[in-house]
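Below are structures written as structure tokens.
In what follows, chain A forms one complex with chain B and a second complex with chain C.
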Partner chain A sequence: MLLSVLVYGFINSVILAMVALGFSITFGISRVANFSHGGFYILGGIFTWYGLIKLGMPYFLSAGLSIIIIGALGALMYKVILIRLRGLELSEVIATLSLGIVILELLRGLGVFGYEFRNPVFMDGSVDILGVGVGIQRIIIVCAGALLLILLHFFVHHTKMGLAFRGVAQQEHTALSVGINPDLVSMLSLAMGSVMCALSAVLILPLGVISVDEGYDILIKALAVCIIGGLESTLGVLVAAFIIGYIEVLTSMYISSALTSVVPLACMLGILLVRPSGIFGKSKEIEERV
Partner chain B sequence: MNMLSVKNLTVFYENAIAINKLSISVNKDEIVGVIGPNSAGKTTLMNTISGLMLDTKLKEDRRGGIRISIFGTIEFLGENISNTWPDKRVRKGIALCRERHPVFGESDVEENLKISGYLSSKEQLKESLSLVYDTFPKLLAMRRRKAGLMSGGEQQMLAIGIALMARPRLLLLDEPLLGLSPNIQAQLVEAIKKIKQQTNMTILITEQFARPLIPIIDRGYVIENGMFAFGGNKDELYGNPDVRKAYFGVDYDEE
Partner chain C sequence: MEYLKIENLRKTFGGVVAVDNISFEVEQGALLGIIGPNGSGKTTTVNLITGFLTPDSGKVMFKGRDIAGLRASKITNLGIGRTFQMVKPFYRLPAFKNLVVPLFSPRVKRMGGHYGEKDTLALDILEDIGFERDSAVPYKPASILPHGYLKRLEMARVIALQSELIVFDELYSGLTLAEVASISPMIEKLIEAGKTIIMVEHRLKELFKIAHRVMVLDQGKKIAEGSPREIMKQPSVKKAYLGVEL
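Take a look at the complex of A and B:
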């Protein structure tokens, strides 16, 4: 029992981290809180499903195309809507949230409901870890999550565009005065966050059925993880994902599985009371020393 | 050869005038100083030349905030760049070292410089890095230090380094000596002289207290309330008793 908490808690935590990472990356760089995250997530899953089941494309092609389309959608959302609202945080939230709701409710209206909407797992079978049987899909998720983190670290610290991302995130006008275009960087950060969102959808959705309500659930989970960890900190996202991940698994195993969906929100409210900027949030640790 | 010419520049914040029909010009290979008291419009002038003002104006317009109006023309190498966006102006060869050294505080020194080499190729990046480290050996010793944890003088050195990484033809330095100790000021002035000798950059520099700069500038403008007040080469500036009293801290009979 304890071992299965350990193993499943770990996997659940990685899933949460993957879901939250896209949201956190976008916010950390461009300060846009992308509340259409849940909508993009389900849309990515549905596109993959449509290409795979309805059009008969190979799995990787259908998944790859969906990820690209969702990334382009994120960039388009910045270029068409958000660019006019920069700096008006509330309007940004309203715009992205409405877009997310429109996507999700449109899918509901088009009849996305039921067991039919289901992406197959990449590979059948299960492996024994510490005496607990774990499906291969979950193993793939954990490996992909680790790989994604390594790639992300390399991108941000060792490529020109990644360094430009860091520059804009820290001092927009200084970045601008050495030739970095913040609007381009913000657009790319939205594309990147959306790509990560769709990627996590492709990996995670085969574990269950694609449902519209899952979209709202994902948004709340991503938000909770980011707020608990501190909105722009990747380390914070990881730590928070593990905290919520384990509490969720413990709750479902020892209390009631009906209560698991309350866990992220309860943790989020708790953190907001104690430490509003999150565990690793920047609460002015590095004050400018003039 | 004329490099930069600002003609009849006028900038309003709402109805308050920050720069009033100001014309200045900078020739190639010169070091030109713009001297003036607080709120004379020095930073507004620099931000308008670098183009940052366009971005500020756009953001204020989007937000419905302060109404900024800019009139007049800015020419760089004979081309009118008044409506060119700041990142494009950097490509043309203008880089600004902003007032009060706003560096990338979370990154270490080397990462700050690498971020600022955004437009350079790999070889150019190496070259610029060695120029910066050569000019400020202190930065080389601190290359793994988080920029936000450095002292004001060190951050100022880094801020100049950041502007150098953009490999400008015209380097704009906005009050690089502000709030620093005389010792650090002297080091920075030495460094600016060295940059000039090694790279042949043209430099436009603003300052309030101009005495430390006098040895290195070729010409200077004095601006007050956004208007041209006095201009000339350094001997003319130093020879004018009013200017000398107000900006060099030297009184009539002191010599």
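Take a look at the complex of A and C:
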């Protein structure tokens, strides 16, 4: 029992981290909180499903195309909508949230409901880890998550574009003064976050059915992880994902699985009371905020 | 063709006219000082030229092309560099990485780049500008550097950019006399290297030693322009600065 908590808690945490990473990356670079994250997630899953099941494309092709389309959608959302709202934070939130709801409810209206909407796992079978049987798909998710983190770290710290991204995140005016176009960087950050969102959908959705409600759930989870960890901190995302991930698994095993969905929100509220900027966020004194 | 020609530049914020039909020219290779009391429109003028603000009307002709209203990053890439009055480094990057960012800019690429590895180049520029090469200073994050170093870093950024027209916005403010004395020769060196410079400055004594021409602003209007010697004699300048008729 304890071992299965350990193993499944770990997997659940990696899943949470992957789901939250896209949201966190976009916010960290361009300060845009992309509340259409859940919509993009389900849309990525549905596109993959459509290509695979309805059009008979190979899995990787269908998944790859979906990821590219969702990335382009993120960029387009910046180019068409957000660019006009820059600096109006509340309007940005309303705009992205609306788009997310439109996507999800449109899918609901089109009849996306039921067992038929399901992406197959990449590979059948399971392996034994610490005496606990774990499906191969979950192993793939953990490996992909680790790989993604390494790639992300390399990108941010060792590439020219990563440096430009950090420049814009730290001092937008100075970035402008050295010839970096912050609008372009923000657009790319939206694309990047959306690509990561779709990628996590492709990897994670085969574990269950694709449902509209899952979209709302994913948004709440991503938000909770980011807020608990500190909005722009990648390390914070990891730590928070592991906190929520394990509490969720413990709750479902020892208390009731019906309460699992409350965990992220309860943790988020708790952190907001104690440390509003999150564990690794730059805490601001009250005087600074008012 | 004039190098930089500003024509009837105007900018209002709400009902306040911050810059009121200002016109002036800067010859290539010259150093123009812009002085005036607080709120006279100096920094607004700088922001209008460098694209950080869009003028309500007027032209900014740079090498025959009207650049008014272009995006700041675009203007940078055309060769106009600027520093900020309140220092604005990339706080969480080490000092030398602050220069690697401009070294990657399209401007530097178009100019044929600097030879060598970017990190080394950044360290070279910092050494030239007074960062001790073998110390830990160039590797410290900008957030913990003293003010004097941060001002030098502002200057180093436009040097790394290879800007041909450089606008210094109150570069000397907050610096000790000794620090100013060490930076002034660097500015003269930039002029010798063929750069054109506009300096917004409150430290008149230090400015007048190196400026070729000086323009005086008061309440958004140009009230005088001439050589430093002429400007010092102007009664209107004394009045704008000291608030009394002498």
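We adopt the following convention: the second predicted complex is superposed on the first by the 283 of 290 C-alpha atoms of A that agree within 3 Å, B and C clash if a C-alpha of one lies under 4 Å from a C-alpha of the other, contacts with A are read in each partner's own complex, and residues count from 1 in each chain.
FYI, a residue touches a chain if its C-beta (ideal position, glycine included) is under 8 Å from a C-beta of that chain, and two chains touch if they have at least 3 such contacts.
It should be emphasised that the depicted structure is a prediction, and the values quoted were computed from it without experimental measurement.
**Student:** Judging by the criteria at the top, classify the pair chain B and chain C on chain A as clash or fit.
**Tutor:** clash
**Student:** Which one hits more chain A residues, chain B or chain C?
**Tutor:** B
**Student:** Between chain B and chain C, whom does A:G87 touch in the aligned arrangement: first, second, both, or neither?
**Tutor:** First partner only, chain B.
**Student:** Given the touch rule stated above, what does A:L176 touch, chain B (first), chain C (second), both, or neither?
**Tutor:** In the superposition, A:L176 contacts both chain B and chain C.
**Student:** With the two structures laid over each other on chain A, which partner does A:L6 touch: chain B (first), chain C (second), both, or neither?
**Tutor:** Neither partner.
**Student:** According to the stated criteria, A:H157 is in contact with first (chain B), second (chain C), both, or neither; which is it?
**Tutor:** first
**Student:** Go through chain A and flag every residue that touches chain B in one model and chain C in the other.
**Tutor:** Of chain A, residues 160, 163-164, 166-167, 170-171, 173-181 contact chain B in one complex and chain C in the other.
**Student:** Using the touch definition from the top, list the residues of chain A that touch chain C in their complex.
**Tutor:** Chain A reaches chain C through residues 160, 163-164, 166-167, 170-171, 173-182.
**Student:** Would you mind writing out the residues of chain B in touch with chain A in their complex?
**Tutor:** Residues 50, 52, 55, 59, 62-63, 85-87, 90-91, 95-96, 98, 100, 102-107, 111, 114-116, 118-119, 146, 148-152, 159, 162-163, 165-166, 179 of chain B touch chain A in their complex.
**Student:** Would you pull the chain A residues touching chain B in the complex into a rising list?
**Tutor:** 84-88, 157, 160, 163-164, 166-167, 170-171, 173-181, 286, 288-290
**Student:** Could you pull out which chain C residues touch chain A in their complex?
**Tutor:** Against chain A, the touching part of chain C is residues 50-52, 71-74, 76-77, 81-82, 84, 88-93, 97, 100-102, 104-107, 157, 161.
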